[in-house]
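Note that the chains are named A, B, C and D in the order they appear, and that numbering of residues resets to 1 at the start of each chain.
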Amino acid sequence: MNESGRVEAFSDGIFAIAITLLVLQLAVDPHTKVVTSVDAWKALGHIWAAYDSYLVSFLVIGIMWLNHHTVFGYVARVDRGLLVLNLLLLLVVAALPFPTALVSDWLTKPGPAEVAVAVFSGFMVAHAVTFQSLWWWLTRTGHLFDKRVDAEAARRTRLRFAAGTIVYPILVGLSFVSPVLTLGLHLVLALYYAFNQLPIPLMPDAQADDEAAVAI
Amino acid sequence: MNESGRVEAFSDGIFAIAITLLVLQLAVDPHTKVVTSVDAWKALGHIWAAYDSYLVSFLVIGIMWLNHHTVFGYVARVDRGLLVLNLLLLLVVAALPFPTALVSDWLTKPGPAEVAVAVFSGFMVAHAVTFQSLWWWLTRTGHLFDKRVDAEAARRTRLRFAAGTIVYPILVGLSFVSPVLTLGLHLVLALYYAFNQLPIPLMPDAQADDEAAVAI
Amino acid sequence: MNESGRVEAFSDGIFAIAITLLVLQLAVDPHTKVVTSVDAWKALGHIWAAYDSYLVSFLVIGIMWLNHHTVFGYVARVDRGLLVLNLLLLLVVAALPFPTALVSDWLTKPGPAEVAVAVFSGFMVAHAVTFQSLWWWLTRTGHLFDKRVDAEAARRTRLRFAAGTIVYPILVGLSFVSPVLTLGLHLVLALYYAFNQLPIPLMPDAQADDEAAVAI
Amino acid sequence: MNESGRVEAFSDGIFAIAITLLVLQLAVDPHTKVVTSVDAWKALGHIWAAYDSYLVSFLVIGIMWLNHHTVFGYVARVDRGLLVLNLLLLLVVAALPFPTALVSDWLTKPGPAEVAVAVFSGFMVAHAVTFQSLWWWLTRTGHLFDKRVDAEAARRTRLRFAAGTIVYPILVGLSFVSPVLTLGLHLVLALYYAFNQLPIPLMPDAQADDEAAVAI
């Protein structure tokens, strides 16, 4: 395994664990009295906010992994700066079960719902910032990319990438208008990023060989 | 590692974590008063439903992994569609500790037992649907398979595969007749799939080389 | 990665997660009133059984991994039988945080302590049985080993291996005489197996090449 | 994968799980009454000690991983001694969520805060001791290193390395003077080690080839 492969394996581990720990908040309150079938259905219906937040957070972390994975697929070398920026990104990813649990607990209560979704959106801002920093670090000189990447063109994507992420701070504000709508927008954004890959610019002669990889 | 290997490593991580988190529901209620040996044995006997659901879910997830792993062993390339379908499959797998905990908590109470096993069966339907979707996506053109696979023949397996999974919706209904029997049938089905591999059709000249892999 | 490598990666994941989940039982009871330094030290001293069981279980699972890993280092091919036996072994390993928590909770109470350590010893019997089964399956014909292994000689080790594991059923009985002593013996046995590797017999011409591996 | 790669994969798994389990202590006390937005913000502000300990522990474990990873990048062979010393190191790493939770729970109470941070610092001493032992074992003869490493020079680093770690016992003492300051110093030390790599001495002819790796 090359250097980049080992960092990616460690990162993949953290993504996989964070995404799987989300299930711990899918639980019926143990103090609920459940005697009949009707009680059971009611107890399950009562925690609809937990299903919503599980679904949104699972897809959000899954798409974060997809994009992290796409970028690292073009990284051939790592330096200390990249390792530290990657660690900061993982710090945010590993913490996501926390705002997810807040949404799950508070989404049914008007006031706290706003706070929970605002905090969740704040974590998305933090993720966008760390991911941008990683991209800026990589495109600064481009010497960490493998030779397929057109480093010149990659540097020119920086502003466009940054522009794409200003939507997240707006969602922090929108949380105080409608928490449920904001949560839905996070889902829509995750699906958008699922199907709209990061357009990493390749050298002309690498594009032919690389069609399969680009398709990812 | 090729593209398929990296997706499989991430998926393996989620399977491994989901299967290991099942142990968290194997716990004696901390409010049980345990003073003598007899109390201790009673407390352990009291949670028999937790052992049952642990056993069934562990084997079910284990066999899901086996089959996921067998299919991906023949995948040479991945595209965005496959990644997204795989993410939906993992969303179901990672959530399985939730219905397992429901079974563990409610199996001893007649009414809620039906609900718990029906929800568990519902998750098995969801898994079957996502696994089928993944198989249909792969066999649509077969261009993601490696060259050992007979793509024509693989496409012809689709209906037979789909037929095999209609048993799971039936088990949702059966949950309301006998939850314990239904749970037992999930165990039997898992064992059946453990010993009856997915019959992925190979090209004639690949079969000789590939005997070891087929045996898996 | 060859077939054996992929099975080992999944198994390594389960070993790593089970061993790390042990930390969840290292916790001060949240109902303990802690106001002064003295309260804090007392609360920490109060859970000595949790430290003991953490230490024993961590080393036990760690050594189980070491031996599992050594055996799979000589496996070149896998078949369905091996996969299913390995899954049963992992079912026991993944469940070990459960008896560890029992020991942690009950070791300070004479009667329940016996039950907890007997259950813990019972899990060690189950692990020994599944590990033996895996070894018998591998040595039955030896066709799954890579070519360094002397399959004839490996088959002759079976009885000696089996003899080594009769100590675990004895520890189940001893739990009712002295739980703490029995726990100590599990630690001693783990350390014994840490330094006394499985003697997998190699072909004469493989031994020279393989010195490094044998040293493991 | 060579022998060292497999040990590293298992170790990486434990590092990744331990670092991700830290999120479990980021939780609002379920008994807090949260009705309005103000309650929600207050509840989030109330657990500032949990954010602090999450941040410090995440970076500490992350940097531990970085250094573990750097050292194993130069290890070509493993023996039983190395495996057992590595297992002891992992025992400490996997336990770190425990002192982290203590800090999180007790940092706001003057007396218990001292105890919590002292215990946390004690775990850092234990980590330093096991990491030193591993380094001494490796540099004893140097026969486990790959051929890039200058084994002679590596052995001469031992005292300097050991000198670097006497700072941790001092922090145990300092915990009783100012727990918050001590926690801050752990953060500073982690950042120091993030940017000051372990200076593993290389053979003169390996340095040219190895510039990229050294840069890590």
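Simple rule for what comes next: contacts are C-beta pairs under 8 Å (C-beta built on N, C-alpha and C of every residue); 3 or more make two chains touch, one makes a residue touch a chain.
On a predicted model such as this, the values are computed, not experimentally measured, just so you know.
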Worksheet, complete the sentence: Co-neighbours of subunit A and subunit B resolve to none
Fill in: Shared interface numbering between subunit D and subunit C [over half = same, under half = different]
different
Response to the item:
So, in whole Å, the Cα centroid of subunit B is separated from that of subunit D by 36
Worksheet, complete the sentence: The distance between the C-alpha centres of subunit A and subunit D, rounded to whole Å, is 26
Worksheet item: Using the touch rule from the top of the page, what residues of subunit B touch 2 or more other chains?
Response: 1, 9, 13, 17, 21, 24
Response to the item:
The residues of subunit C that touch subunit D in their complex are 1, 5, 8-9, 12-13, 15-17, 19-24, 26-28, 30, 34-41, 44, 54-55, 58-59, 62-63, 65-66, 69, 73, 194-195, 197, 212-213, 215-216
Worksheet entry | Contacting residues of subunit A [partner subunit D, same complex] | 1, 3, 6, 9-10, 13-14, 17-18, 21, 24, 77-80, 83-84, 87, 90-91, 94-98, 101-102, 105-106, 109, 111-112, 114-116, 119
